[in-house]
């Protein structure tokens, strides 16, 4: 496929091998090592959250850290059938999709707005932490970065406020767990503090409580544990996948064929061109 | 990764090249040939339906055949925002997905029930045609294969009946086009006949009209044109993708964030366990 | 949209509410209850596998049962970048997809063949268990159902044999954990026995070892724990999602744009029509 | 689910109806109107590209405009099995996915980098056109906006250059068609001119030819025809879906189970931690 002097077969083969390079897993006949550990030594020993951490970061976390990660994963599994991801999952199985397909269509929708809030919130926290590290006071760092976030992304600050919950019970509990871990010395607590300061600042700015929501609270935990922001989205997906699966399975039990978003007896609203007659000559010129 | 005597680099390279084998397209620097034709000779000459046919079947169809294919593709583009595929597409963009992502989540749902009806209907038609070819009368062949279809797949016969339209205006028009093409000698018309006989038989069986729907009518056309049944699903997807795209684009214009299936003011219904208190010791034994 | 006597607004509203019915989760402002438990009582108390179980089955499992589930979830997270699901995930991020999109495209591919093996294997185990319950001997039940499975699905028996591993170290470890749990009385062990008998029968049939693989071993665990077969696929997806995420994240770090399956220097093989000239009149008739 | 004074059932119902609002399609029993036209008047009359245009933009284009759109749709259907979207599609069917699933996983990957180039290129063209409209000379407008594009997005300018083709035969042909249409007065030709000026500027900047590629050429056509940039991505997807479908169908014919990106005889490269022993106490503290 090319006029250039061809590399040798050995060179091409080496390129092919290098094309798929990983530091996550090594596999030989009868042997599987994850991050260097023979997998049979991990099975039955590691908790699932520890395995998630090992896969994503290369080392096995301590139990205290893993417990915090676990709490965050437990907290975000579901928010009801009217969340679009869950609704998509349920509609999908009524179109004939097996669980993998329903989960795929649903997980796909956990994009910037629906699933990326945690990631954005982690970026906000970490930009504030960097300012503090550079010598800014906590309050000033929060104000400056909040201003920047709002200027760049609009007035909805990822991780704070909820259109449904005046207070998000998941966030309250998760924050309490972080503070307990801080007291035991398991985490620094600095991101919990940053999150709380943002909450206060937003309250002052808007003149009403804009409490931390589940995304803001899990972002505190993932930041305390040292995860990079894009992994915040990834961890949320692992968690919410449980709800997506459970709802798809429940809908399969309930049955239904080609389930739309509302009962078909409720019409949609058409606001387009009134009825008109097609004249074939329409298409002869613009 | 193996203890076997390794093949030579040349052999492995040949295996790698053969791993991706196609008869659809050949590419060399500055040259692209589709089914043997330099692509620049096709652009501006072939209609889009002709190109679809060439890609799927290897040869360029005549204009009359391509026009029938075109009519079927035009007919199935959309069936409103309450079709789950369309609703998924619209909800997805409000979660942050770009058009490719919204289309993916939606197209995925065109599975056996929502998108596979045309394919199943083509299989039914072709099983009837095979019985006729084997000497059975048309009526007998229809009865036998209808019985078998219903026994295997249940009472909803793919391609017939519609929960919304007493008569499907798309099917009526498409059938008329097939009959015109038959008169001109462009198609045999045998699948139109088979479809009509099924419609009659279903009417007798149920004591009311079960008219051919869009899937039944496009299945007639795709069968007349010689497409294999799985491609019936594929062609439907190409057609419905237009509606999925148009609705995703319209929703993007309308805006909205994390749009659920119904307005959030309308609650969902919870029918599970009443509120209960978690006792940590619950988890100590089953 | 209909000529029928319209239901009242109250009736329609009730239908809309009932359209989305669930027993999984209830949500009110400031309150979220999962299977009846206020979520803040579960966060920090339940392990992630316990939460998965609660979501899927409605009750909180005992710790011993949850540990077995956890072992299975830990075991199946990854099988290297050449598994198509993982390769898809890695290629996808180089096309611009964020983690949710890469995970969606990859998870989608965990279909009947790649992700459904565990489900099929559970169905096989359970059909054998039913025969035993009906009075058949263990050996006879295994032979009869294996014969049926092979007749219906072909000679590759889901859950047994591996094209790469002579012995799958994950399966060995998981089976050992089941036997330990059996000794403690936490599970019955009957599915471990059934799996072992299938392994022996396949060895006799083929004249060589066809050892249980990861799918066969997780199917033992999920069956011991009472999961329905379709959830076997779902649990595998939750597990493999971890690997899909880790590889997508690693590829993001490695960079790359529009990464194909092999280095572009290695050509694909074209086996179609030789180069030919397009004559526009081709399209005038068939 | 709320403590606020509840709206009446009629109000809620109106909200539900308005929740799904469209100007694309209206449906009543026995009647389907697309953009106001009864669909049976369009079937058999409109070409598929005309229907695509009508769905996306609300009006039926003239034949000359539709022919240009058709040429662009024909041109971009495929670029071989090593394009990641095509490879994903082919691997997916070997995992058990039907055509809809394979197409979904593949189309999903047509994101910013793989499928968004045309959209980005249209944005570049249109920003240049706006500068010209504001009084800038063509050359100056091109330089300024190219500088901005490169500053914001990096040195790879969407729509120009190809890692494989020194000259892209599709682009050459499409540009020729635009110029012919311009001579007939069907389009203005201004975006063809802008594209050509970018090509020249890039050649000067890099000291070698960076010719317009398929994305640059289709972006010229879509801009000449007045499409908004996001629809450029959408139209590309409609076109490339044909190749994705054709390759998925061909792979189904070829067979294969769980096809990876390279033959399994070619290993991947592991570059992670050397083999190490897991010590359970690792997990007691960080």
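Observations on the structure shown:
Chains: A, B, C and D, in written order; residue numbering restarts at 1 for each.
Keep in mind that, in the parts below, contacts are C-beta pairs under 8 Å (C-beta built on N, C-alpha and C of every residue); 3 or more make two chains touch, one makes a residue touch a chain.
Keep in mind that what you see is a predicted model, and the values were worked out from it rather than measured.
Chains that touch both subunit B and subunit D: A, C.
A centroid comparison over C-alpha atoms places C as the chain most distant from subunit D.
For the pair subunit C and subunit D, the distance between mean C-alpha positions equals 32 Å.
Once the centre of each chain is set as its mean CA position, subunit A and subunit C turn out to be 21 Å apart.
In terms of their C-alpha centroids, the spacing between subunit A and subunit D amounts to 26 Å. Shared contact sites, meaning residues of subunit C that touch two or more other chains, fall at 1-2, 12-13, 16, 19-25, 27, 29, 38, 42, 46, 80-82, 87, 97, 101, 104-105, 108-112, 115-116, 164, 259, 261-262, 266-268. Listed in rising order, the residues of subunit D touching subunit B in the complex are 1-2, 7, 12, 15-16, 19-25, 27, 29-32, 34, 38-40, 42-44, 46-49, 51-52, 55-56, 67, 70-71, 73-75, 77-82, 87, 90, 98-101, 103-105, 107-112, 115-116, 164-170, 172-174, 177, 230-231, 233-234, 237-238, 241-243, 245-250, 252, 254, 259, 262-263, 265-267. Contact residues of subunit B toward subunit A in the complex are 1-3, 8-10, 12-13, 16, 27-29, 80-85, 87-88, 91-92, 94-97, 101, 104-106, 108-116, 156, 163-164, 257-262, 264, 268. Contact residues on subunit D toward subunit A in their complex (touch as defined above): 13, 16-26, 33, 35-38, 41-42, 45-46, 50, 58, 60-66, 97, 101, 104-105, 108, 261-262, 266-278, 280, 282-286.
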